[in-house]
Amino acid sequence: MIIQLQPDISASQKEKLNDQVNGIGYKTTSVKTQLGEYIIGIGKSEFDIRKIGQLDGIKDIHIVSDEYKLVSKKWKAKPTAIDLGDGVAIKDGEMAIITGPCSIESEEQIRKVVQHCVDNGIKMMRGGVFKPRSSPYAFRGLGLEGLKLWYDIAHEAGIKIVTEVMQTSQIEEMYPYVDVYQVGARNSQNFNLLDELGKVDKAVMIKRGISGTIEELLQSAEYVFSGGNEKLILCERGIRTYERASRNTLDLNAIPILKAKSHLPVIVDPSHGIGLRAYVPQMALAGVMAGADGIIYESHEIPEKAYSDGQQTLDFEQSARLAAWIRDSFAMRKNFDLL
Amino acid sequence: MIIQLQPDISASQKEKLNDQVNGIGYKTTSVKTQLGEYIIGIGKSEFDIRKIGQLDGIKDIHIVSDEYKLVSKKWKAKPTAIDLGDGVAIKDGEMAIITGPCSIESEEQIRKVVQHCVDNGIKMMRGGVFKPRSSPYAFRGLGLEGLKLWYDIAHEAGIKIVTEVMQTSQIEEMYPYVDVYQVGARNSQNFNLLDELGKVDKAVMIKRGISGTIEELLQSAEYVFSGGNEKLILCERGIRTYERASRNTLDLNAIPILKAKSHLPVIVDPSHGIGLRAYVPQMALAGVMAGADGIIYESHEIPEKAYSDGQQTLDFEQSARLAAWIRDSFAMRKNFDLL
Amino acid sequence: MIIQLQPDISASQKEKLNDQVNGIGYKTTSVKTQLGEYIIGIGKSEFDIRKIGQLDGIKDIHIVSDEYKLVSKKWKAKPTAIDLGDGVAIKDGEMAIITGPCSIESEEQIRKVVQHCVDNGIKMMRGGVFKPRSSPYAFRGLGLEGLKLWYDIAHEAGIKIVTEVMQTSQIEEMYPYVDVYQVGARNSQNFNLLDELGKVDKAVMIKRGISGTIEELLQSAEYVFSGGNEKLILCERGIRTYERASRNTLDLNAIPILKAKSHLPVIVDPSHGIGLRAYVPQMALAGVMAGADGIIYESHEIPEKAYSDGQQTLDFEQSARLAAWIRDSFAMRKNFDLL
Amino acid sequence: MIIQLQPDISASQKEKLNDQVNGIGYKTTSVKTQLGEYIIGIGKSEFDIRKIGQLDGIKDIHIVSDEYKLVSKKWKAKPTAIDLGDGVAIKDGEMAIITGPCSIESEEQIRKVVQHCVDNGIKMMRGGVFKPRSSPYAFRGLGLEGLKLWYDIAHEAGIKIVTEVMQTSQIEEMYPYVDVYQVGARNSQNFNLLDELGKVDKAVMIKRGISGTIEELLQSAEYVFSGGNEKLILCERGIRTYERASRNTLDLNAIPILKAKSHLPVIVDPSHGIGLRAYVPQMALAGVMAGADGIIYESHEIPEKAYSDGQQTLDFEQSARLAAWIRDSFAMRKNFDLL
């Protein structure tokens, strides 16, 4: 159960409320976010919702049978909008386009991608400065200095920054330079990292785990939300299956299902999903039709020379065309009366 | 290697050709289809293609390194069109729409679906008369009598019939009443069935196996083609993964990959793919954008009363809207310069 | 529900029984096997088992909630023993060892393997004469002639034959020469083949599908049993997962689960399971400890020269040692009070 | 390439060596562990190993083509032994038994498990004080205080402690009380955690990721090793597949493969693997036969009352019997001349 509290609830009212909920055999957790205050009750016994609903200090009360609670559409039917400022948002009813290289490589590279974004009306740029690599001997990114450099250039051009945070110690140092913290697929169940991101007042985009279920992705989001941060975005980036003709199996089935289960916006990453440049546009457009609120894909001036992921990265010409097609497809989708 | 023979090649020329190919250490298989005659050479040693290409009786010769040969785009770049007569075709550059119930249930049901197709300009109808069921105690379909009944009604209305064949003994008895033989996911590697369908001069649609790879699907098609039947259609219908929020994981990544590897048309089945009615339209439209040449989905007058698969079946109103959206999306996709 | 009938039940008693079961809303299927006669009732409503149990002609009645019925341990706790004659059996409490090549290749090869079996007290030999191959251009086996040749040699030496049947038309022609019909992984849900094997009075070993669930394997066995043949053996041979370091993922978890759910004997195939010769012995012995009633593995005089599967085939020296270790391990396992 | 350095190598010799290796186009990484000093060279060009091998300060040089280097058997054929002191070790040629509850719950519980270990000659105890939970509302463990309590009791009884570390900030505070740091399946690719554990001089047991490949597990171990810590243990705990009859699919195929590829000891966790109490003994014994160097399984005085994982936990009587069977099976396995 989710109990939304009145902003002016008193400490004694809160205590009474907790006692009542504990009294019916439910364990309570208090949650305070940027936008509100909640008591989450976890238990199994049946109870009379009206009895609790009548108590003082309650704004609203909802039964949510899912394992995840605060990210469920069952208590919050209205889609959550992530406002990044300056008119840039990730939300239902708009189509966010995020592009950029796998790794931030140099000042020159940053300038070129930023210019590409500006030229094509793309407001958000992706790129890694801390890179998770399976081998300890591979390039691990430019680190914080790279991020600062990127911030200076992107900020001036009005471009928002989406980049991966790999560990709790990076959260604070990255804070001034980041618009969206990305949690990578390998960290999708790094619960300490999720806990800490719950304490930050910036948007967090969580990628589905390498073999994460849809339910696990929602529970990972629940960690951040229950930690205090409602600014959440979900991202499908392909799952691991037996098939090897594609890098991963981009699971577009997840899009309508996540949209039906949660009020959070959902983004698709076709680059990591299918992993082959020639097919990224098709999967991006398929993602739009599946109901995504945004597409994140990799681009680079000369993909063949990218430090990483070149085989799945578009050049600027391909990227420019894809951005236009995404917008056209989204405009058409809005005419359809899809769920 | 694939050697396309001249129509007027003589027996002695053919023998000489075989000897030459065997002489470089390649095993040969002779293939004669509705459209042509081929010698397939399987081997690993390098050879001078010009020496063989100069022999008499050869129309063309191609090196194909894939495990599958005749279904590969490497020797036949031009897309294969499956012409069902009366102006109905499944082919690159058009968008085939196929709908109908999971099971053929009764004359009344057939009449209603046929009328629904006619009303919405849908030229092909699906339905099962022989049903593969995991439990031996479940409904196994109306059988041949059901098919004959269906044929009478559909034929009069100009609607083509797509239906599953489960075993070799059914091929001949079904022949007069079928436009497209469907090979189900569980029979995708039933090599005897594929062999026999190679001897038939009607279209065959092969569904990807329950956990079949893209390569295995192409090799299954190779069985039919090398058996003598070029009229082949590939169908993505979802694969088995760990995820249980959807019935299967509809793998749209397979669409652009199959289109790039093979000259055969590719169809998407969103109903079996995601398995949940509310999300079938999104996945159908995503399939269009991914590059499919057709969509096959389940519809029924009252899905809740369907003998099987009701949970993934659209009602006629939903189906009518979806058919229109598919056409709109396809019209838009044609404007995009996708691979 | 499973109703075991008295051998002397009259037609009118049977009719009355069917009416009663239908009367509580259960669909009935009559099953007559080599060993008995049953009525299977499929339905969901609750009923008073005593009321039906009192009717004339009933030997016993059981509620079985599993999707599979006759292969369930819930009605038949006593393990089923498969007696192949001449003191050779596959059954709980003994350890069946089955070995031989992937493909039957020649008279000389047969003689050598038969001798190897005789030398090592191995009573059952495997080998393929009809080979399912993903590519239509690969060696498809020696066919019926090969089987006859094999039979002559093996029969004289008192060795039983386990070999794959690929289609219904082969069942009858193979009958005189086969001791155990093997249903391969790709045919695990070829329901017509399973139906037809239900009509035969010889043992059938069903391999788990390439990505078959444990439940599906039991339902495939139910097809054969309900078709009239109780002589069934289940075989775990590895499933398809994302892991590529092994050919398949031999799923030994299936062994204790199958033994707990069904009364049928369970065999393990480590050769196809892990697919790498050096590790076949470890997986075979692990299979013994997991609770298997038998091990089937590939052996060949010179594995490097085998027509197929050489990389997972043991030579005779390795095979002789493995057979001894299997027996030692089984002798030890019998001392443990495992489930 | 791995270059093992002489203990007395001079700084200038090291510099010259680095220059030479860089000179052939290889990127170098310096690694200094408790036991030695290495230069890892990563590159693709061919070179004359003798030329580099002749340089001063080199103890040995090896070509290792695997992605992982220092954990590969290709340079260190001799199995690594993990000595925990007081005669307790995890190593090839011995059979480590580790048992205990999923979660450390209370002083009384700790005392009972420790006594159970003492009574049965079990020298290592497992238990979680920091618990990774998919839901933020679930019990997260007793934390550091629980660990201290456990340490006092276990230490007195001579029992070693194996417990999970979830984040870098816990490494130092846990250090005095831990004998083996366990990296859980969800953190198997938490590269920052692995980096930090490389700086610690205590044993680290890395569990295979939820859908981790065998290669990825070895690369995760490479992180710790190249960070400076050679005291590594690998643990198979089941992978995620489509099958749901078991909690996970314990992949025993991984055991002989890991043993063949790496010099590190390999442990099997049947409790998380199959996830069902009744089948844990079978899978444990199967793990022994597959070649494991140790078994880690869950036990609790009253499994039904355990805070977590009760369904896969043995009671003390079952545990005592299993420990004896593991030893018997291992004694037998040693007689077999397995790879």
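Should a chain be cited, it is by its letter among A, B, C and D, assigned in written order, with residues numbered from 1 in that chain.
Keep this in mind: a residue touches a chain if its C-beta (ideal position, glycine included) is under 8 Å from a C-beta of that chain, and two chains touch if they have at least 3 such contacts.
Only a predicted model underlies this, so the values are computations on that prediction, with no experimental measurement involved.
Comparing mean CA positions across the assembly, the chain most remote from subunit B is D. One inter-chain figure worth recording: subunit A and subunit D are separated by 33 Å, centre to centre, where each centre is the mean of the chain's CA atoms. Inter-chain spacing, taken between the CA centroids of subunit C and subunit D, is 38 Å.
For the pair subunit B and subunit D, the distance between C-alpha centroids works out to 49 Å. Within subunit C, residues 211, 240-242, 244 each touch two or more of the remaining chains. Interchain contacts join each chain to each other chain, per the touch definition above. Contact residues on subunit B toward subunit C in their complex (touch as defined above): 27, 29, 40, 42, 67-69, 132-137, 166-169, 186-187, 189-193, 195, 209-211, 216, 219, 222-223, 226-227, 240. Residues of subunit B that touch subunit D in their complex: 211, 240-242, 244.
Only residues 211, 213-215, 239, 241-246, 249-257, 260, 273-274, 276, 278-279, 281-283, 285-291, 321, 325, 328-329, 332-333, 335-339 of subunit C touch subunit D when the two sit together in their complex.
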